[in-house]
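Two complexes are shown next, each including subunit A; its partner changes from subunit B in the first to subunit C in the second.
Then we have the complex of A and B:
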């Protein structure tokens, strides 16, 4: 067992595309680290460099104390689960799981023993004589996991292993992955574009954008204190609502379009940096669950919006609404695969705002609805750099 | 009614062509093999029963031709496959210049057998041939080896020509098969601790098994029917020593006008090749289970 350390790792492909830029990341022994980001952000390149499947252009990768920059994949003692599972089609499940042990020239009886143990851990003992083509997606995924854990590797890499499964199976296998990782207790790097997987699985989550690390922290810290507009928009589903807003010169209020919201002293205390923005523009972020249907209590202000759509999910209502405030679209929500991202957030008035409210409220499309808010729950960002305004 | 009949009506032209140009000649050839058949209209074609077949088993040239065909298969097929697979493995990555080399390996396939057979005849000519000039350079004096007039050297010339012209075909099949192997399968094996040799043994070769079987079956069928290069370079000589079954069949039919005998030879060859192909396909299906 070992830690994984990346220091200033950069990857530039022969066509000049810089996939990863100066990445510093440390995954402690036993830690479950999730790397998340939109398509093309460089997360898979990071994984492949650690596995030794891609050369690194600059920087250092360590597994434990050993620098592995020039070590062949087979000598790194790292196991990997691929998105496509990469099971050997001509081999049985048992042969697939035992392949790495055969390559180590381990005695046959020991291979059989370890294959049976791994199969028992994953609940696949009944399928050992089957070929991969005779298995369902979920079963193949378990075999791929078995092939990785049977080696008892120093570190474990997973490249979007659940993305080929249907939604229900994905939820089930997510728990399975977490259980297995806890059991084997090795440093694990898990790559995904699904932020729910990232939040539920990771001890820590690293958010990557254009090959640059945006923030690396516990899932709750990422959610509560995003360091910039990109992370704020990427982490959370539905995404954080981001508006252009003006701070009054005396810091007493915030203007959202034609609406004015009183700023509490708590809000200023939580974000002392706001004092530099008196009379200036900021980007304000409001989580959908911080827009409430009921009034009174700790809610000191109200935002009024025209309801455009109501999604009843049973346990909650997702209310899509619009206001006359200019909405800032986080780059993460705008991006499509292969498209260049703007560095600065874009703004416009047509974008969707979402509130997550308790069921049972009489909300209808076309209503002018008053959402109660508590400004001390707001997040604030610099409108030029997109960086969170904290101190 | 028309709706029901339409698919069958659309099939009629293809079925007619197949029956006329494939099925009928096979049965007609089998029928001819039982006669002392003459090509001239109105000629008497006496029924011979199994005589042509019995004669084949007593004909020393058939034994020589069978041996030559067998040697041609066991020498040219494995070498073509090995070289084709090697070239495909080297050129499977899109390295600079790989398109040029891919074309270079494949170009002999699209050349004419007659033309390249003549070119090889000139290369291996006893007087003024390039090969004798090369050997002379090493020997330090002029040599005049009669390459195509001696059995083993003539066989070697035919083998070399056939391998050179045939490698591109197996190369292109293997290239497609190698391109079809998911990259993650190879990477997974490398991460699992396999050396490159073991990656080939445990992942690559099993993954292209279908292509290997396909190439083997078609190359063996093609090699068993070797004709043009022998006909153009040695005409089966000297003294029938380089005859193949096909060249001897041709000679019997169109030089000796023994059409019944040639048809019997063709029937036997067809049965052998059919049996071989069936066995290969059976093995392929067993491997796929």
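Then we have the complex of A and C:
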């Protein structure tokens, strides 16, 4: 068991494309780290560099205390689950799982015993004599995990292992992955484009964009305090609503298009940096779950919008609405969403905002609907740099 | 029985034009296809059947034979073919040469094809196309240079020399075919193998070749068949009767004044059997075709 450390790791492909830029990341022993980001953000390159399947252009990778930059993949003691599972079709399930142990020249009876143990952990004992082609997607996924855990490696890498499963099985296997990782307790790096997987699995989540690390923190911290507009738009489903807004000179109110919202002293206290923005523009972020249908209580302000679409999900309503405030499109808006992401028609307004409200409210398309908000739940970002305004 | 009375679910209620059941239950549309298939088969199999028939005819009535099934069949021709003219010796020589050619060609071609498929090295494509270009040179043109080369290497009249020449002539096509197949194998298998602790040779032997068995079976069959049937090179390089291969040995049946047709055809039948056996063995691999379905 060991930690994984990346220091200033850069990857430039022969065609000049810089996939990863100066990445610093530390995965402690036993930690479950999820790297998340949109397609092409460099997350798989990170994984492959740690595995030794790609050379690194600059920087250092350590497994434990050992620098592994020039160590062959087989000597890194790292197991990996591929997106395609890569189960060897000519071998049975038992042979697949035991292959790495055979390569280590382990005695036959010991291989058999460890294969049986791994199979029991994953509930695949009945399929040991089958060929991979005779298994379903979920079963193959388990075998791929079995092949990785049987080695008792120093570190565990997973490259979007659930992306080939249907939505229901994905949820089931998500729990399975978490359970197995907890049981084997080794440093794990899990790559996904699905922020729901990232939020539910990771002890910490690293958000990557264009090869640059945006933020690395616990899922709750990412959700509560996104470091910039990209993370704000990427983490959370549906995504955070981002508007261009103006702060009044005396910090008393916020203008969202033609609407004025009173800023509470709490909001200023939480974001003291806002004092530098008196009379200036900012980007304000409001989570869909912070827009409410009911008024009163702690909700001190109201945002009115025209309802464009209502999606009834049973436990909640997703209300798509528009206001005359300008919406900021986060670069993460092209991300591939998780299964809970609502789908908008392609012709949807660019000014589309989403509220997640309790069911039972009589909301109809075309209505002018008043959403109650509490400004101390807002997030604020610099309109030029996109960086969160905190201190 | 219930099964016997169950209506045919696949049968349309109203037979469509040209698709209705006809003679022997064969649909009309398929009947013409069947006739063409039978005719083509006869063209291919006819000479073989005729050879088989003649091999069982008593030597005297051979040339006048007009019936396919001999009236007085005899195995005397086979006994004579196997015991005279050192035929069994030729058979063994051919077997050694063909099997050695297959094994050596497949081993070297696999190594080369793997390098072409998976590695980057200077002039890779140029070297590959030079290999391919050699396919365009007719083998007979190379006969004299090869003869001189073998002479210099003191490998004339040697089965090993013959194997070397056969390997050389079969390598380009085999490399070409295997490279294409190796490239189609997803890289994830190889990467997973390496992470599991396998080295390059292990990747080739335990992963790439087993996954390419259909291709290996095809090329093995082609190489075996080509080496087994090869005549001009063997005739040129081999002088002593003890080193004759089958095609050269068969020519021995044709004397200056007489031809022993019965034993000649019997020997031809015996000579055909190994090729058919090899074909049947490789057929198993064509059909089973190790699936790559474990990748999504």
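Annotations for the structure displayed:
Note that the second predicted complex is superposed on the first by the 375 of 391 C-alpha atoms of A that agree within 3 Å, B and C clash if a C-alpha of one lies under 4 Å from a C-alpha of the other, contacts with A are read in each partner's own complex, and residues count from 1 in each chain.
Everything that follows uses one rule, which is that contacts are C-beta pairs under 8 Å (C-beta built on N, C-alpha and C of every residue); 3 or more make two chains touch, one makes a residue touch a chain.
Just so you know, these numbers come straight off a predicted model, no measurement behind them.
After superposition onto subunit A, partners subunit B and subunit C are found to clash with each other.
Applying the stated contact rule after C-alpha superposition, one finds that A:268 touches neither subunit B nor subunit C. Partner contacting the larger number of subunit A residues, of subunit B and subunit C: C.
Once the two complexes are overlaid on the shared chain, A:164 sits against subunit C while remaining clear of subunit B.
In the superposed pair of complexes, A:137 makes contact with subunit C only, with no contact to subunit B.
In the overlay built on the shared chain, the residue A:387 is in contact with neither subunit B nor subunit C. Comparing the two interfaces of subunit A, the one with subunit B and the one with subunit C have residues 51-53, 72-74, 76, 78-80, 82-84, 86, 88-90, 99-100, 103-104, 147, 151 in common.
Across the complex, subunit C is touched by residues 51-53, 72-74, 76, 78-80, 82-90, 99-100, 103-104, 131-133, 137, 140, 147, 151, 164 of subunit A.
By the touch criterion stated above, subunit C contacts subunit A in their complex at residues 186, 188-189, 191-199, 202, 207, 210-211, 290-296.
Here subunit A touches subunit B in the complex through residues 51-53, 72-74, 76, 78-80, 82-84, 86, 88-90, 99-100, 103-104, 147, 151, going by the rule given at the top. Subunit B contributes residues 182, 184-185, 187-195, 198, 202-203, 206-207, 209 to its touches with subunit A in the complex.
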